[in-house]
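Down below are the structures I want you to see.
One chain, chain A, links the two complexes that follow: it is found with chain B in the first and with chain C in the second.
So, the complex of A and B:
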């Protein structure tokens, strides 16, 4: 049970990051590796608000969302918007995102050094013990908040005018433009939402796994694996794939070998793509 | 035009004077003695690596302030150049190649030193390291030297002292699970510790691999805790060790932590939800952990400035400092600024002039590069400071 609980908690965070990546990729059509940098910026913003200003953890979470959201908007306006108009936008976006990630990490490292920092949270020292499962409140909270945010995103996409415009752009960019949906505005909103959620992820992870310049890298890779597993376009599939991946990693590390714990995600991906090349949760495409 | 001509003239004369200065330097008398430092300055072991570099710089400043290293009647400045390898072996190699003109390269860990062993003899530089891995000095490399103990020599002492501690504290300490760092040091520690621990009647319930980059250790710890161990042995620097301890407690582990590398430091408590956890950390430490030893107390008083605090707490500052001090003394004793073999051999007589020293290194074996040093057991208090629970027992 402990192993399953570990896997589910891990999977929920993967799902949050994958949802951010999917939203941004769907609208901007850029694989946004720089999201790892914004997770980290969220972690740092939360740390400074909670540790240096002594404010409550939840205020730190809001600050993390705002800082990462702001960075996302700046990235879209200053970098991605221009790269989308180049002759090869996917390649340019790919390189641009990597440059942005590196630049963010190096800047933070120069400003704050590479020291580990623990984001203080009142939930980190509280331990829940239920049916043989031990878990800090922070870990449970991270999983629950991640799932609530994903649900809120879905509610926004389905229940609001802005969300429907975004879904229209996701379905058919040209069609959306024809009916008057501004692609630039939609991209900006997608970037803002995705980045704010990434910032929250940073603040949720900070108390457990510490804050440091490369803290977003590993989780970003897992997020990318999840969206490839799910089939690039399926948001509900991404949540399922994330939970499956978290559980697979946790069971693999506990019952096979912990030495390969980081490799399980890739092994899982390779096997899944061999069985279903279009992703686990996409409908098969019949090619005539 | 006239103004521009005067300008060019000034620039040329300035360049001329600069060239003349460089010329007199390269003519020979005060050519600097170069050492290379390969250490993580960025990445997840940055605090540890930066602390080491700070110690090197302190020694370099002191040596140069006193006029430099005296070799055959001439004084030479010491010039330390640092290269950041982030504890990544491929980066250690490129750093080593970049700094291979140095007379010595000094590194603070197995991760950084092992990749250089493939070419340090060919490129003719001494390789000094704080590596505790036996293979560092067992491969016949004639230019290696340790500034800390060899696991094979020290682990039996650790196992014995832990046994004494358990007896004194009336603790059940029979079964141990090992968190094994993924460098050469990890398996070497597991092998040496398992042998010594089993010889004393103990058992090893399991090992799990991890590294200094990973901050989520839940899977490893869940796997280890299934064996219900009395203690967990940890094999990484303080930051990672603190994470292991914190997360192990969250998963319900109530036992003791036996630490192969880190004996504490207030820095550790920063990474823990509950700083009381740190009180169950025991480790072997060297002389430099105790201010009550006069030479150590005086040294720490001299470097009591806030900027040295974290490095001294991690007990790495002294290693950076002493390694350079020892090397400088050996260069002076050898009477050469270029013959690495001669300098390597001179480390032995040089060490004798540095007694007692802050690391408690008492003997050096030039044939292998091994050293002998005094080790103690330390327990970490909740404030991060360490004390000797066995009252000076070595």
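So, the complex of A and C:
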């Protein structure tokens, strides 16, 4: 039970990152590797607000969202928008995203060194004991906040005018354009929302797994694996795959080896690609 | 500059630009390899410092790996971040075998190449069946996992602290000798890359990169070809692995990281992807500038990743591609346009015998009237929509069969089912006595099913002749056919039949829609089909051109070919077809001779609506 609970909390964060990736991929058609950089920037923003300014953890989380969101908007305006108009947008977008990721990581490393930092959180030291399951408040909080954000994203996509425009673009870009939905504006909103949530993910991870320049890489790869497993389109599939991966890693870390736990996601991917070369949940369509 | 060397340079540059235009290096591109290798070989005479020679050696070693990467990046369009990890796998194999198990250097190096190749085969075997972003994400994961495994498997790899004192190849222990050893390997790789781009494999890779569906319909086994290319790519990187280990003499897991993999991509893209000189130029430029300005590795990556962004936006083809483009522009201004290369097309026998029936494995000569293709109760559902419902049809040799119906009737889906592009159907279909159910698209093409597409699918950047050569892939002799010359007068015949002879050396994207349609038909013919599926070939054709294509189809029919024709032009159908099937909303609503069909009340109501509707 203990292991299962840990896995679910971890899986919820994977699901959050996967939802961001899926939203951005759906609108921009770019697998946004640089999201890993924005998770990390969120972690750093949170760290400086909480540690250097001594403000409360929740303010740090908001600052993380704002910093990552800003970086996301800049990325879209300065890089992605231009690459979409090149002759081979798929290839260019891909490499452009890699460029952004490495550039973000290196800039942060040059500015703040590669030292590991701990984002202070009042919830990290509190341990909850519920029906024999022991867990830090921070871990529980991270899982819950992740799930709430995913739910909020879906509420936005279903319930608001802007969200419906975005869903239309996800379904059929050309069609949405024809009925007057601006693709540039939609892309900007998607990047803003996705990046803000990625920043929050960074601030949630900071107290548990420390803050350092490449902190986003592992979780980014897992988020990508999750959306690949889900066939790049299905958000429900992505969330299930994320929870499954979190649980699998948690069990692997307890019963097999902690060091190899980052490799389990890859094994997951290998098996899935062998069984279903085009993803596990390819039938369903994103955000219904 | 002597006249002689000037002439060589000019020819080399035009060879380069020719390579850019068609992405198929001409014979003259040989001339690029010679000066490259010569300059490299002479450099140590000018630059003699131990450190400097060491840097140049590293450039050569990275260049070997960069060529391996470009084989998949430039020729398949796959962005791989895994190639630095593959390099590291080869390096670690050598290091572990020599330092831990006392294996001789050359055997260990050989094992390094072998293990790298196997790792590449494994990665490709898992990922090549899937499309789009799956591969790149997998390559990212592969790099990350390689780092994890090497770091964690401490008993074998010494973990994160790495391994010291890596031996140099016996007999090559001085800095300068390692330089020349690397140069020899690089030269071999250059020659291999040159031959490969001109080979059938290279041509098939270009077809796959341009359009996988088209490639499969021409009989190219897409998955196997990609697998082969990726494995060769890994093997080339494997050559660099042991050299890299000996050069660096101290190795840690971080050489497999995503950042290192990204650096390899940066070299290739800046130098010029899919050009013969590009990867070497890219490595030399990036590593050279880094050394000249004493950047740390972090600054190197930061600065050059910014440059990659600019290359993507403004300098497609990288340094080499852009220089070649500028050079050919200057050359054109000075001398006027180069005379179009005279096609090496011998005057063929003319349209007397299209030898599509000759190979014995195609089931012997045509017997008019024999049922070649038969389908029973074909059904295809997309979710709740039934696109094709319970359709049965048969086609005999020497017949033109029409398939008509209003838009959305399921005609194109039906063609997709028969050619194999659309899967997941029920019912049965057989061709020349073979059950089609389990056959992939390329296998059906090999059996003798050729097709055109409703919206043209061609290799747009290549010439008409190159398109046809690629399409004739199945029927080229297995070996020794590297040239783009049409063989055995067969392509000649197709050029005559389609009336494209005058356009043979023009790039397809510059042709009119009408001519492109004819190229499509020509490509389908080059597969030497026994059955031809034509999806609206007459749409967009001028009135004056229509009779010409009609005559061609009639002639093909008289040769014993089966033609399934989807068409809206009733006059054409009436005069060509012996039998017509009418589809409406996925259902077969009528069949019979053209005369019966046009008078059938169900057909009339499907097209015009009933009075009461």
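Going forward, the second predicted complex is superposed on the first by the 279 of 288 C-alpha atoms of A that agree within 3 Å, B and C clash if a C-alpha of one lies under 4 Å from a C-alpha of the other, contacts with A are read in each partner's own complex, and residues count from 1 in each chain.
Just so it is clear, a residue touches a chain if its C-beta (ideal position, glycine included) is under 8 Å from a C-beta of that chain, and two chains touch if they have at least 3 such contacts.
Remember, predicted model here, so these are calculated numbers, not experimental data.
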Item to check | chain C versus chain B on the shared chain A, clash or fit after superposition | outcome: clash
Checklist entry - With the two structures laid over each other on chain A, which partner does A:34 touch: chain B (first), chain C (second), both, or neither? => result neither
Next on the checklist: A:244 in the overlay: touching chain B, chain C, both, or neither? Say first, second, both or neither.
Outcome noted: neither
Checklist entry - Is A:109 contacted by the first partner chain B, the second partner chain C, both or neither? => result both
Checklist entry - Touching A:215, do we find chain B (first), chain C (second), both, or neither? => result first
Checklist entry - First (chain B), second (chain C), both or neither: which does A:274 touch? => result second
Checklist entry - Where does chain B run into chain C after the fit on chain A, at 99-107, 117-125 or 225-233? => result 117-125
Item to check | Doubly contacted chain A residues - partners chain C and chain B | outcome: 109, 259, 262
Checklist entry - How about chain B: which of its residues touch chain A in the complex? => result 41-44, 46-47, 50, 182, 208-210, 214-216, 218-220, 222-223, 226, 239, 243, 250-252, 270-274
Checklist entry - Which of the residues in chain A end up touching chain B in this complex? => result 2-3, 6, 10, 109, 113-118, 124-125, 127, 129, 134-136, 139, 207-210, 212-215, 249-250, 253-255, 258-259, 261-262
Checklist entry - In their complex, what parts of chain A are in touch with chain C? => result 31, 33, 79, 82-83, 86-88, 90-92, 94-96, 98-99, 102-103, 105-107, 109-110, 217-218, 221, 224-225, 228, 232, 257, 259-260, 262-263, 265-266, 269-270, 273-274, 277-279
Item to check | Complex contacts: residues of chain C adjacent to chain A | outcome: 77, 79, 81, 126-127, 129-134, 136-138, 140-142, 144-145, 148-149, 151-152, 258-259, 262, 265, 269, 298-299, 301-302, 305-306, 308-309, 312-313, 316
